[in-house]
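Report on one structure; see the data block that follows.
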Amino acid sequence: MTILFYIAAAVAVLATLLVVTRRNLVHALLYLVVSLFAVAVVFYTLGAPFVAALEVIVYAGAIMMLFVFAVMLLNLQAASPPRVPWTAWVGPAVLVGVLLAEVIYALTIETQPLAGAEVGATAVSEALYGPYVLAVELASMLLLAALVAATHVAARAREDQTAASVERGRAVLHGQGTASEPGVIVEEGDA
Amino acid sequence: MLSLLWLIPALPAAGFVLLVLLNRRLGRAGAAWIGAGSVGLSMLAALLVCGSFIVSPPAGDACRQVLWTWMDVAGFTPAIGFYLDAVSVVWVLVITVVGFLIHLYSTEHMEHDEGFTRFFTYLNLFVFSMLVLVLADNLLLLYLGWEGVGLCSYLLIAFWQKDPQNVYSGRKAFIVTRVGDTALIAGLFLLLTQLGTLEIQPLLRAAEQTWAPDSTVAVVAALLILGGAVGKSAQVPLQTWLPDAMAGPSPVSALIHAATMVTAGVYLIARTTPLFELAGDARLAVALVGIVTLLIAGFSALVQHDLKRALAYSTISQIGYMILALGVSGWEAGVFHFGTHAFFKALLFLGAGVVIEALAGEHDIFKMGGLARKLPAVFVTFTVGAAALAALPFVTNGFYSKDLVISTTLGTADGNVWLYVGSILGAFVTTLYSFRLVWVVFFGEAHTEVTRRPRWRQTMPLWVLAVFSIITGFLWLPAWIGAFHPLEDFLDTALPPIEWTGRYAHFAESAGAAFVIILIVYGGIFLSYLLWVPWRRGTHAFAASPVVRPLAAFWLGGWGFDWLYERVFVRPVKWFAHWARHDLVDYVVDGIAWVNLAGWRTLSAGQTGRLRSYVAVAGFGVVLVLAVVVLR
Amino acid sequence: MASVSLEHALILAAILFAIGFAGLLTRRNLIVVLACIEIMLNAAGLAFVAAGARWGQADGQVMFLFVLAMAGAEVAVGLAIAIRFRQSLKGLDVDDADRMRG
Amino acid sequence: MILLWYILIPAVAAPLAWLAGRRSEVAARWIAVAGTAAPLALVAGQWIAAAGTLGETFAASGPGAAGLVAGSWIADLKTAWIESLGISFFLAADGLTLIMLLLTFALGLLAVLCSWRGITQRVGVFHLMVLWTVAGLAGVFLALDLFLFYFFFEMMLIPMYFLIAVWGHERRIYSAIKFFIFTQVSGLLMLVAIIALVFIHGRETGVYTFDFTQLLGTPMAASTAFLLMLGFFAAFAVKLPAWPLHTWLPDAHTDAPTAGSVLLAGVLIKIGAYGMLRFMVPLFPGAVAEFRTWALVLGVVGVIYGAVLAYAQSDMKRLVAYTSVSHMGFVLIGVFAWNELALQGVILQLVCHALSTGALFILVGGLQDRIHTRDLGKMGGLWQVAPRMGGTAMFFAMASLGLPGLGNFVAEFLILAGVWQVSEWAAVLGAVGLVFATVYALWMMQRAFQGEETHGLRFADLTKIETGIFASMIAALVLLGFWPQPLITTARQTVDGLQRMTAQSALAQPADPGEAAAAAAETETAGGDEGGAP
Amino acid sequence: MTVTWGDLLTVSPLIALTLAAVAVMLAAAFFRSHALALGITLGGLAAAFGTLFVAASRAERDVTPLVRMDAYALLFIGLLAAAAAVVVLFSWGYLDRFRVHPEEYYVLLLTATLGGATLAASTHFASFFLGLEILSVSLYGLIVYAVYRDEAVEAAVKYLVLAGATSAFLVFGMALVYAQTGTMTAAGVSDLVAGLGDDVVATIGLVMLLVGIGFKLAVVPFHMWTPDVYEGAPAPVTAYVATVSKGAVFALLLRFLLPVSSDQGSTVFLALTAVAIASMVAGNLLALRQDNVKRILAYSSIAHLGYLLVAFLATGERAGLAVGFYLIAYFATTLAAFGVVTVLSPPDRDADRIDDYRGLGSRRPVPAAVFTVVLLSLAGMPLTMGFIGKFVIVTAGSGAALWAMVIVLVATSTIGLYYYTRLIVAMYVRRRDEAGPAATPLPAAPGGTLGVSVLGVLTLFLLVFGVYPQPLLRLVEHAVSVLPWP
């Protein structure tokens, strides 16, 4: 079981590295999916099968789909941004390397073996609807807020607004017209 | 009758206030009547009060009249009160009599001046301040009068304020005298702290009781008072302002810079004799100041071209004699010489005023000449004054007072030969320059035309002063002539009598010493006649010769004091003021402001607007903190 | 099953987190930036699950669940804004968005 | 209760003046006059009523420091304000406060009168600001709760800032912000010192209060006392202004409108001196004794530096401003001499300086309204053009150089006499300062009024209002010169109280000169010791 | 751990907000009317405010370990609801000009307030994290509300990416803390902080936790986003970001990290001191010569958070009082400040250039007067709440002998004077060289009357509690006494 953990960990790390370094956007996203699958396996080894399943379904399934849709929507093809010299990586690499070193050093001072008992889906669901019931409600409100925000941002501008009506809006300000008169849909630039 | 004492200073004060309030609506005549009138009334009051004081002296030979307590702070309670004793009687009489005569003279002399009312306003204020000075019963009120006269001398020197040079002379006078006043006020603080009060008589009693003779505090107190006197009486080292003070009108020079104000220092030392009796070294210092001043001023007077500057240096020299007399504990001799000097010096200045006015403002004596016939009255009175100045034996009052002073320099315990020789030399030089003026101004051929004739209001004071210059001498005949010395007996009530206890006391009192002076005076007169009448060209050539000319120039400039003070005091202050005029501390303040601005510039440059730099800064912050955590 | 030590799991999470953070600092394409944020959140979730496993409680996994929800919300709104970003700044280069500075 | 009126009347008159100003300027001006004249009358009434009790000092065996302070007020008013922070609304008045209130309202009135013609734009708001400053000033002098004192101390800044910034002259915004920052920084340092003091007192006695009477005599380590004293000293030294912290004054004065300058010179800088007398020295006598030599040095340098800088200025108003720095140098050395002579001198100097410098500012303001410049280079020979103005300028120039016969001399004499007992060199250098005062006063007179009239300036002499103002100030100065006793008796109880408060500390003096004289009279040899150096 | 009816009553304020948000959304679904949305939103906020008293009457406070509705939480929820109400009122006149539907704005506003309220009441990592994220996500929507404006999008992107990153740090921190201590409750964290000792991993976890909090409080080094987001977002939203989001997180900070101030030697304390000092200095210096009013207010808010941190780091109940009162003062002042910007904004852009304010005193006297009072309160001048606020903070700071920070506070607050008075001068004083009328006279904005009246109320609030703050102080004292002071 521990070997499986280390293999999955290695895969995950490698995949994430590739996500970050690939020029091509779609390739990057695909490597991200691979990394998520690797993490799901790690979860399994850590005795959290329910979460592993969720990782695959929600993360890999839903969120990555969003990414792919977005890429498709913005029809970016492989239009990769100008080749950034690898030297651009030095600054962040150093900074992050130091961060990583600090955390790893701290963690390697003494190690405790994991309890090993597997925490199944039942235990999670009991906790979920036990002490964390309020949190679930809050999570739902979180998703509602995200829903409203996303639809508002992504939706077209108000259909009845045209250039003319904008002028009329300004006229209103100088006291010549009324505010509630509807206008015509403003054609946004191509999607 | 003594209860009217407060009236003497009150009248000129009332005159001053009236003139200030009614300034616009008062014509010349009105101003003249109020101005001269108030001083005249004050003279009458003075005569009445002093007369009754002399005739029936009050208990303790002094009377004190307190109007109200000036202030009452922590046991220090100076009062606005007047104290009259023998010394202040002499001064009051001189001030009021000479003052009134000069006011009368001024009504005509200043007739054509557009600041006529303003002139009398300042004069009245001066007379009030001078009377307060001499009548004050405590040193703080004395200091009030002291600074009041300083102010009036500034206002009157700078009276013709259109010409910046006059204003500069006025400022110079006020500032130099103020330097002296600083020493005086320091003396006041010392006396107040050590003796608890500033009222003169109790202060002197307390000093005599608590201070051991020649103790440091006594010497320091006396020296500080001397410092004040030196400033006001234009003695070395603070004498540079008096020659420049001649920029003022002649009556001002006569009243302030001859008769009254410049002798305030003498009055102060005479008033505080016990302090000087306690401090032997201080008396020596006084004597030295006196002798040095009289010589320097004498030689300077010898070479002056300007009539009034010559008289100014002569005044400094004569006051040097008074200070010298005080220095050798000849207190009464100093007072006597003040009395006589006031009359003949006022006479000389008024005469000079008439001469200058007659020659349409010409000051240079070598451009005058031959005025004896044109202005006979002035010639006679001026000559009497010059004779008194030169101490023409037996006839003039100057002889009796100067003879007494010179003999005290030899006769008293503090006297010594060097002082005597110096005073003799001084007497000789005085005779030379006084008669030089007479020969050069009134004899020889006339250079400028006489345009104005003085009328009675200017000549009458000259005659009165001439008479006084003669008769006041007889108030104190020397021992070898007769026993008639009412002035000495009168002054004994307030001042310690002169003790002829010096080594040569016998010779000093005898006719021998007087004979020496008589010889000196006659020799001087004859020599001056030769030099400036028959051998006039020779003297000019001699004065212009390469050897003598630099010496003459040095004397002309008042022995280089002005030159020295300009470099040592005036220039550094002016330079620093100019250099620091934008306030040095402001550079520090602006520097701090600049640092803040620099901080703003760098930080706002840091706000690049790019998202990745924001994340980098955040990341850097976290890494920094974690490093500290891990390493501690 | 049990011999995997907590620290190793946390180290793995730290590595993934670091890579995500590095990507965030370097990459200029908004979509990749959002992906990096997802990576970091996922790593944090992993850490939580590991911590939960150590104590044998379900709290870790519950927290992971909420992290998951939050990540989803974040991505949704992020991508919506990315669309707007492309229209207004004609491209997805994050560095172009520096009109406001100083 | 009357104390509250002193603050309320100007405070209420302020918005009234603003509202009235929107319609008619004259109404605003008259309300402002009422807003200052009414409390002036009240204070005068209270002063006369209390004249009897003020005179005598405490019996020799008077109450101890704390007991004394509680009982010695003419009137006091104490109500709770912010209990949770231990702050109470505590007003109290004694002799010194009465004098200061008289000064505040008198100069407030003068400020309003002298800008009768000078200020034409936004008159309503102008008088709002003036009255607001006057209310703040009254509050400062009455406040006995340290927080209330700080509250009024800061509240005054805003209207004065607007007075300078809106109605000022050329560099008004720079000067206004400089004035604001200088006072604000030092004020905050004082606040920190106050709070530290409250905490030390709180830890000692368990009672957290800002009431000055209770904070008095809090025992603390000498070093902390010194630091706290420095906090207070910073605020008051900036306000005074003492030498290194004075650079805001010339700018603020030059660019403030006439009324602003009169209020600034007349009363605002007196808060520094008042604060030292009332709060700083009684609270930290030991620290003050330690700091005395330094303070004397600062004071003397201030006197001479101010005088020399005044001489160096070409802008007349800036010259007068530097004279204030010089005069306030005297106040500083007077306060730190801390014996009865010096303290009476300080209080007298505050009044006389307000009158003489206030008059000079009104004069310069009037001149600027007439010839639209303050540059001495462009003036000269104005005596011919306006003799009455020349005469008045001469009088007040004489007052500022300390001519005997005027109040300033009496004050400076008392201060220097008091300082002499503490250190001779400081008194001598102070007296030398007087010489420099003569230099700048006469130099100003020459460049402005004497000399030849070359610039062809023609303008009207003093108007009726101006003559009235100057006549009243001349009368006051001459009266104070010859009969300062009423003021001295009014302040005697306060001065004696202050002395008792610091009796135990190193600050107390060896016997006052009064007792020395009595000792001398009984022929007891006082010996020739050189002054009572502590 | 079942949730009883009683518990629901205790949590009723949160429920009220949730229902309000849903109600607005449903109403918008049927027919789009701005007035209706506004009505429901205000109703919801009023209901939340009302239910506070219901919750206050409840005896036990903890509802599931996540949330504790004690007096402290209720005070802050009330404050946040009030602030949200004020922002809503300002938004009424402001939103018409946008070419977007206004209804979603109110939903997001309500959900954001719900997030803030959860934060105020949270005592567990879960509620902490979820509250924070609800607030953040709602703010993403609100910041970019005027979608067609480039600055709004730019600001939203910056805010989103930084929020996401710092949330990741936050969660990672939480995980480490949980790994080391096994508890996720506020009490657990407090014990951890109190007895930190040499447990390096726990400290790293704590520091990473602070990163998340630091970002939301916009203290240095996480302050870089503030000026851009404040400038880009619509004025009412900026007001909301500057007050509710910072206030809620600070409330939580006081609950979780209370014992930090007891041990003045610990690393976390030193880190926070450095952050406080850096915020005060950078905040004031950055605003010195800034010409954009919104950016000035942004930098000044950074500085004010620095002042708040000083109070937080002081020990004892007095610190709680200082934090509480100063937050209320800061809320009122900032809301009024951005209210003025909202009221003055013309339709096409926000009134944030300094030239818009030149000569405002004569053109728009009431907003000018309000803005002057606001600036004086920010500067801490007497007669305003800012003065009492600064005084209370200096008292707390001096009481705990934090001399370094108090001196920096004194120095930097006077730098603040410079740019506050610079704005006042711009409004009232015409420079000698500036002839003629002000550069660009602002056209009158529609629906201004409601905004101006709200401004009036806020100014009154500032002045009344500036002169007589005792009732407010007593309220805060009662609320703060609930916390477990050492």
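To keep things simple, chains are lettered A, B, C, D and E as they appear, and every chain counts its residues starting from 1.
Here is the rule we go by: a residue touches a chain if its C-beta (ideal position, glycine included) is under 8 Å from a C-beta of that chain, and two chains touch if they have at least 3 such contacts.
This one's a predicted model, so the numbers in the text were calculated from it and none came from an experiment.
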{"item": "Those chains which touch chain C and also touch chain B", "value": "A, E"}
{"item": "Chain-contact steps, minimal, separating chain D from chain B", "value": "1"}
{"item": "Shared interface partners, meaning chains that touch chain B and chain E", "value": "A, C, D"}
{"item": "Chain of greatest Cα-centre distance to chain A", "value": "B"}
{"item": "More contacts between chains, A-B or D-E", "value": "D-E"}
{"item": "Centre-most chain, if every chain is reduced to its averaged C-alpha atoms", "value": "D"}
{"item": "Chain centre separation (chain C, chain D; CA means) in Å", "value": "66"}
{"item": "Chain A and chain C, separation of their C-alpha mean positions in angstrom", "value": "6"}
{"item": "Distance from the mean Cα position of chain E to that of chain A, given in whole angstrom", "value": "27"}
{"item": "Residue list for chain A, restricted to those that touch at least two other chains", "value": "91-92, 95-96, 99, 102-103, 106-107, 132, 135, 139, 142, 145-146, 149-151, 153"}
{"item": "Residues of chain C touching at least two other chains", "value": "6, 10, 20-21, 24-26, 28, 34, 50, 52, 54-55, 57, 59-60, 62, 66, 70, 73-74, 77, 81, 84, 94, 97, 99-102"}
{"item": "Sequence positions of chain B contacting 2 or more other chains", "value": "604, 607, 609, 611, 615-616, 619-620, 622, 626, 629-630"}
{"item": "Each pair of chains that touches, named by its two labels", "value": "A-B, A-C, A-E, B-C, B-D, B-E, C-E, D-E"}
{"item": "Touching residues on chain E, where the partner in the complex is chain B", "value": "157-158, 161-162, 165-166, 169, 200, 203-204, 207-208, 211, 214-215, 220-222, 224-225, 227-228, 267, 270-271, 281-282, 285-286, 288-290, 415, 418"}
{"item": "Residues of chain A defined as touching chain B within the complex", "value": "91-92, 95-96, 98-99, 102-103, 105-106"}
{"item": "In the complex with chain C, residue positions of chain B that touch it", "value": "604, 607-612, 615-616, 619"}
{"item": "Touching residues on chain B, where the partner in the complex is chain E", "value": "596-597, 599-600, 603-604, 607, 609, 611, 613-615, 617-618, 620-622, 625-626, 628-630, 632"}
{"item": "Of chain C, residues touching chain B in the complex", "value": "21, 24-26, 28, 94-95, 97-102"}
